[in-house]
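Below: a set of structures, written as C-alpha cells.
What follows is a pair of complexes built around chain A, which joins chain B in one and chain C in the other.
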Partner chain A sequence: MSEPLRPPPRKDPQAPTRPPQLPPQERSRAALGLVGAAARGVFALQRCGNCGTVAYPPRDACAACLSVDLAVEPVPDAGEAIAETTIRTTTDLYFRERAPWRVGLVRLDCGPSVVTHLHRDVAVPGRVRMVLKLDRSGNAVMMALPTTWSAPMADDPELRELTASPKFRRVLVTDARTPTGQAVVEALVKAEASLVFAGIAEPFKPFAGREKLEATERVQIVPLDLTDTSSVESLAGEIGGKTDIIVNTADHVRPGGLIDGPGVATARVSFELNVFGLQRLASSFGPAMRGRGADGTNSAAAFVDVLPVHALANWPGFGVHSATAAARLSMLQCLRAELRPGGVRVLSVFTGPVEDDWRQSVPPPKVAPRQIASAVVRALQEGIEESFVGDVAADVAARFAEDAKTLERELGS
Partner chain B sequence: MTDGLGNAGDLLARLAANLASGGVEIVDLTHTLTPEFPVIVLPAEFGQCQPFRMEEVSRYDARGPGWYWNTITVSEHAGTHFDAPAHWISGRNLPNATVDALDPQTLVAPAVVLDFSAESAADEDFLLTRAHVEAWEAEHGAIPPRSWVLLRTDWSRHVGTPRYLNLREDGAHSPGPDADAVRFLVEERNILGFGTETVGTDAGQGGHLDPPYPAHFILHGAGRCGLQCLANLDRLPPRGALVFAAPLKIRHGSGSPLRGLALVPGGS
Partner chain C sequence: MPQIRHKPRRGYEDVAVCVPVTIPYERYATKTAHWWIARALSELAGRAGISHRDFDGLSVSSFSLAPDSAVGLTQHLGLSPRWLDAVPMGGASAVVALRRAARAVEAGDASIVACVAGDANEVDSFRKLLSSFSRFAQDASYPYGYGGPNGSFALLTDHYMRSYGATREDFGKLCVAQRDNALTNPHAIMKKPLTLDAYLEARPIADPIHLFDCVMPCAGAEAFLVTTVDIARDLGLAFARPLATIERHNPFPDDPVQFRGGWAMDIDELYAVAGVAPDAIDLVETYDDYPVIVMMQFEDLGFCRKGEGPDFVRSHSFTNDGSFPHNTCGGQLSAGQAGAAGGYLGLVEALRQVTGQSLSQPVPDAKRALVSGFGMINYDRGLCSGAVILEGDAP
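And then the complex of A and B:
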C-alpha cells in the first residue's frame, strides 16, 4: 500500500536547489497528436478509420491495413498489467534523479500492449485503469492506475510528477476579494495546500468575506494589485521563492462591445488587469518558479489561470471582456512554452458566465464560484491543462473544436 | 515697474534673497504620487478614476543602457491635483474652463487656511458651514478676493490607512463644506478656489447634500477651481501664504496632478 506523503522539511539554505530536468522531449508529429486528449484528461489513442485497429505508439499508417486514416479518439481505458520492472539507474538525467521508477507492460482491452508508467499500488498481473497525462515536457504519456482508488494513492511519486497536486504546496490566489477567489482559497486549503496566500488589491476598500479569510488556518492575506507592477514585484520579492502554485482568479468584467460599450478608458482597465496583470505575474514570479521545478515535494508546479471561455470566440455582449480573454489565452500559450524548461505547468480553467454582479442580466446556466474552485483543484490534482467549467464552457469548447467560424456566427446572434 | 507696494523688481529681488536666507520658506503641498495613493471611488457602473501607475522603460540596461525613464499613466484627478471648472457639468459651458486655457494669473495666488482639524477629528463627516467661515473671519479678518481657501482637517495624516477614504457600505466618510459655505465663499468673497486634504473638495457623503457635491457644483459652475489631496496645510499660516498651483497644460484637460507649493514667512 501507498505510504502517505510526508510534509517536506524546511529548505536547507546550504543545499543548492536541484536544477529542473525534463523527460525526453522529442516526439513525432503523430505522437504529438495525443497531446490534446492528454491536456483535457481524456484517454484517447489512434484508431484506424478503415479497419478499426487501435494503434500505439502513434504512427503514420495503420499496421494492420496500411490506411493513413488514423484519428485520435477516446478508447476504453481498461487493461491488464502483464509485466513490470523497476528502473534503478539510467543515463537520462530526469529519470536518474527520480529513480527508482516503476514501469510495466499493459495489454489494453482495446488492443495494443503498451509500455507505461506504473502506479506503485498496481498489482502485476492485474487489472488497471489507464490514464493519458502530460509529462513535464508537455508530451502525452500513459500511466496505469489501480482500478480502485483511495486518497493516499494520489501521493504516488510518479503520479505527482504527472500532476501538480496542491498537497503540501504553497499557493498564491491572486484575487481573493471575490466569491470565486474565496471559494478557490477554501478548496485549496481543503486539498491540503500547506499555505494559501490570498491576494487583496486596494486593502483600504472593505469586502465581504474578509473575516472568514482571516480566520482560516493556513491562509495569509497579502497585498497584491495586478494592475500595479510595483505591487506584483514587491510580493514576488517576499514570497516568490516559496510560491509553488499560482491561481490567477483576477478578472475585470464589464459588459459591452466596441461600439456599444464603455469605451477605451474602461477597456484599458480590463486589459490592465486581465492581460497585463497576467504578464506582470509571469515576469515577476515566473523566473523563480521556473528555477524551482524540481525543488522536492513542494517544488514549483503550476500556474493556473481562470479565464472566460469566450477567449475562444467573441461574445459581443461582453465583447471587450472576450477580447481580453483572447489575449489572455494567447499569453498563456506563450507562458506555457516559457515555463516548460522548468517543468512548471500552465493550466487553463475556462469558465462560462459566472454568477456575479456583472452578469445579472445573463440568463442561466451560470457558473457558481464553488464549481470553479473544484475545477481548479481537479486541474491541479490531475494535471489537466484545459478544463471547461459549466455547460456553456463545455458547449463553446465543443463548438469551437467543430468549427470556430460557425461558433463566431452563433455567438454573434 | 511700480505699484502701490513699491518697485516690483526690487520685490522679486528681495523675495529671492529671502528664499535664500530662509526669510521665506517653501512648503510642499504635494503628496508623492504612488500606485498605492487612493483615488476617489465612484459607483462601479461608472467609469473610474485611474490611479497612478508606472512602468519602467529602461534603467541603464539592455532596454536603454545610458538612461532611466518610465511611462506613467494616471487620471487627471489622482494624487494631489487640480480641478478646473470644466471638471463638473455646472462648468461645462464656461469659457476658458479647461486647464490649458486657465489664465496663468490664477496659478499663483494668496491663500487662507481655515483650521478645522479638531472638528474633523471629532466628526468624520464634519461639514464646514457659513457660520464656521464667518467665525473664522471674525478672528482672522475677511477672506481676500481671488485667494485660495484651504480647509485644514489634518486628513492628510490618514494617507496610507483605510481611514483616508474611510469607505463603508454607505460610501466614504470625510469632512468637507456644505453648500451655503461654498456659495458664501464664491458669491460674497469672490474666492479663486477651494482646497482640501481629502480625496475631493466635497465631503465623503457630499453626494447626499443639496446640490449633490456642492463644492464641485458651485465652485466649478462659477468658474472657480479646486485643489485636493493637499499635504502640509498644518505648516501654513491662517493668512499670508502664497500658493503656486499650476496644473499640466493638457489640451481640453479637466484637471491635472500638480506639484503644489506655498511660500510662507520663515519660521511660521
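And then the complex of A and C:
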C-alpha cells in the first residue's frame, strides 16, 4: 500500500536546485497523434478503419491488413498487467534523477501489449485501468492504475510526474475578488495546497467574500493588478521563487462586437487585463517557474488559465471579449512551448458563459463558479491540458473539433 | 485465397566456412568501426594466405559505421567485391550473413566471401546508439524509464520466471559456467572468476535483472570466410560445412509477451535438413544477451520442451568439459559484447571448436556445433532469430 506523501521540508537555500530534465522527447508523427487525446484525458489509440484492429505502438499502416486508414479513437481502458520491472540504472538523465522507476507490460483487453508506467499499488499479475497522459516533455504516455482507487494512491511518484497536483504546492490565484476566484481558492485549499496566494487588485476597495477569504487557513491575500507591470513584477519579486502553480482567473468581460459595441477604449481595457495581463504574469513569474520544474515535492508544476471557450470561435454578442480570448489562447500555446523545457505545464480551462452581472441577458445553461473551481483542481490533479467546463463549452469544443468554419457560422446567427 | 506451397528447404553443397577471426576486444577505444573491420579483414586475408583484394564477396554488420554503409567501406578498405551485403540484424547477423554468403558461393555469384562484424565503443557510444535504435523503441519503450535492453529483457525475464518457475539461481548457474569457460579464453574481457554468491548478491539493474545478467558493451570485431570446399582445400584451410540453417523475423506477433523465439517455428526443419538429432550436437553456442534468452533457446532449439528450461539447466553442467558444453568462449556475458560482433561471437567460436583451432579449452571430440542468433529488440521483444548446424570437416 502507498506511503503517503510527506510535506516537503523547508528548502536549504545553499543546496542547488535540481535542474529540470525532460523525459525522451523524440516521437514519430504517428505517436504525436495521441497527444490530443492525452491532453483531454481521453484513453484513445489508433484503430484500423478497415479491419478494426487496435494498433500500438503507433504506426503508419495496420499490421493485420496493411490498411493505412488508422484513426485515433477512444478504446476500452481495461487490461491485465503480465510483467513488471523496476528500472534502477539508465543512461537517460530524467529517469536517472527519478530512479527507481516501475514499469510494466500490460495486455490491453482491446488487443495490443503495451510497455507502461506502472502505479506502485498495481499487483502483477492483475487487472489495471489504463490512462493516457502527457509527460513533462508534452508527449502522450500510458500509465497503468489500480482498478479500485483510494485517495493516497494519488501520491504515487510516477503519477505526480504526469500531473500537477496542488497537494503540498503553493498556488497563486490571480484574481480572488470575483466569486470564481474565491471558489478556486477554496477548492485549492481543500485539495491540500500548502498555501494559496489570493491576488487582489486595489486591495483598498472592499469586496464581497473578503472576511471569509481572510479567515481561511493557508490563504494569504496579496496585492496584484495584472494591468500594472510594476505590481506584477513586485509580487513576483516577493513570491516568484515559491510559486508552484498559477491559476489565472482574471477576465474583463463586456458585451458587444465591433459595430454594435462599446468602442475601442473599452476593448483596450479588456485586452489590457485579459491579454497583456497574461503576458505580464508569464514574463514575471515564468523564468523562476521554468527553473524550478524539478525542485522536489513542491516543484513548479503548472500555469492554469481560465478562459472563455469562445477563444475557439468568435461569439459576436461578446465579440470583443471573444477576440481577447482568442489572443489569450494563442499566447497560451506560445507559453506552453516556452515553459516545456522546465517541465512546467500550461493547462487551459475553457468555460462557457459564467453566471455573473455582465451576462444577465445570456440564456442558460451558464457556468457556476464552483464548476470552474472543480475543473481547475481536476485539471491539476489529472494533468489535463484542455478541459471544458459546462455544457456550452463542451458543445462548442465538439463543434470546433468537427468543423471550425461551420461553428463560426452557427455562432454568428 | 490460394494455398501457397512453400518450397522445401534444402541443405548446402560444396560450402566451406573457415578462418575464425577475433580481434581482441577493448572496453572503450577511440578507434572507429572502420579500424576494427580493417583489422579483421587483414587477419582473415593473412591467415588465408591471400590478399584482401581477393575477397570477391563482402558481408558487413556494424551499428557504428555511420555515415558510411558497406558501400563506403569497399572504397575505404580497397576491396572490389562483385557481391556485397549488409546485415543489420544485431545478434542474428552471423547466421544470416552465413546463409546468404553460402548461397552466393553455391550459385557462383562469389567465390570467397569475407563475413565481418565490428563496432566501435567510445565513451557515451552506448547511450547514443540506444537513442536512435528504432522507431517503436523511441515512441513506445524508451519513454518508460529508459531502461534500454535491460528494461525490455527485465519484463521478459519476469514473465518467464512467473510462468515456468525459473529462479535467479538457474540463471546464475549459466552465468557462472560461462565465466568458467571465459577464464580459459585469452580474449575474454572478464578475467575474474564468478561465484554463484557473487552473482546473487550483485546490484539490481532492472529487477529481476542484476549486474551479471548484463553484457559489457565494448569495441571489437569478429570475422570468418565462406567459400567453396575446393578453394578451402587449395588454400589448406581447416573448414566446417553448414549442414542446415534457419532464419525467422517477427515470429508469433500475437504472443502477448515473448516466451519463445522464431526457432520454435523452424527447428524441426533445421534438424531434418541437417539429418541429425539434437543429441548429435557436441556443443551449443546461444545468443546470451541475458540468460533468460539462453533458457528459451534450449527449449526452442529442441533440447527440452517449452517450460522445461529451468529443469534442463538444473540437470546439466555447461562448462566446456560438462554434460552440455555451452558458450564455450564465455559468451557475450563474459567475453564482452562488441556491438554487432556480439552476433558473430558464437559462430566464430563454434568454428574454432569444430575445426580444432580452439583458443579456449577445447570441447572433447567436438565435431558438430549448433549456433543460434537472436537480435533486435524493436519494441518489446527480439525480432530476428536464426540457427546453423556446423560440422567440422575431418582432415
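To be clear about the criterion, the second predicted complex is superposed on the first by the 413 of 413 C-alpha atoms of A that agree within 3 Å, B and C clash if a C-alpha of one lies under 4 Å from a C-alpha of the other, contacts with A are read in each partner's own complex, and residues count from 1 in each chain.
In this section, a residue touches a chain if its C-beta (ideal position, glycine included) is under 8 Å from a C-beta of that chain, and two chains touch if they have at least 3 such contacts.
Model, not experiment: these values are computed from the prediction.
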Touched partner set for A:P206, first chain B, second chain C, both or neither: first
Chain B versus chain C as contact partner of A:E408, first or second or both or neither: neither
Partner chain in contact with A:P125 - chain B first, chain C second, else both or neither: second
Chain A residues touched - chain C or chain B, whichever exceeds: C
Which superposed partner A:I82 touches (first chain B, second chain C, both, neither): second
Partner chain in contact with A:L105 - chain B first, chain C second, else both or neither: second
Chain B versus chain C as contact partner of A:V115, first or second or both or neither: second
Shared chain A contacts, counted only where both chain B and chain C touch the same residue: none
Residue ranges of chain A touching chain B (in the complex, touch as defined): 202-206, 225, 227-231, 262-263, 265-266, 268-269, 272, 357
Residues of chain A that touch chain C when the two form their complex: 23-24, 26-28, 30-31, 56-58, 63, 82-92, 94-95, 99, 101-105, 107, 113-117, 124-125, 135, 139, 141
Chain C to chain A touching residues, read off their complex: 126-127, 130-131, 135-136, 138-148, 150-152, 154-156, 158-159, 162, 203-209, 253, 256-257, 379-380
Residues of chain B touching chain A in the complex: 35-36, 38, 41, 44, 47-48, 50-51, 53-56, 161-162, 164-165, 167-169
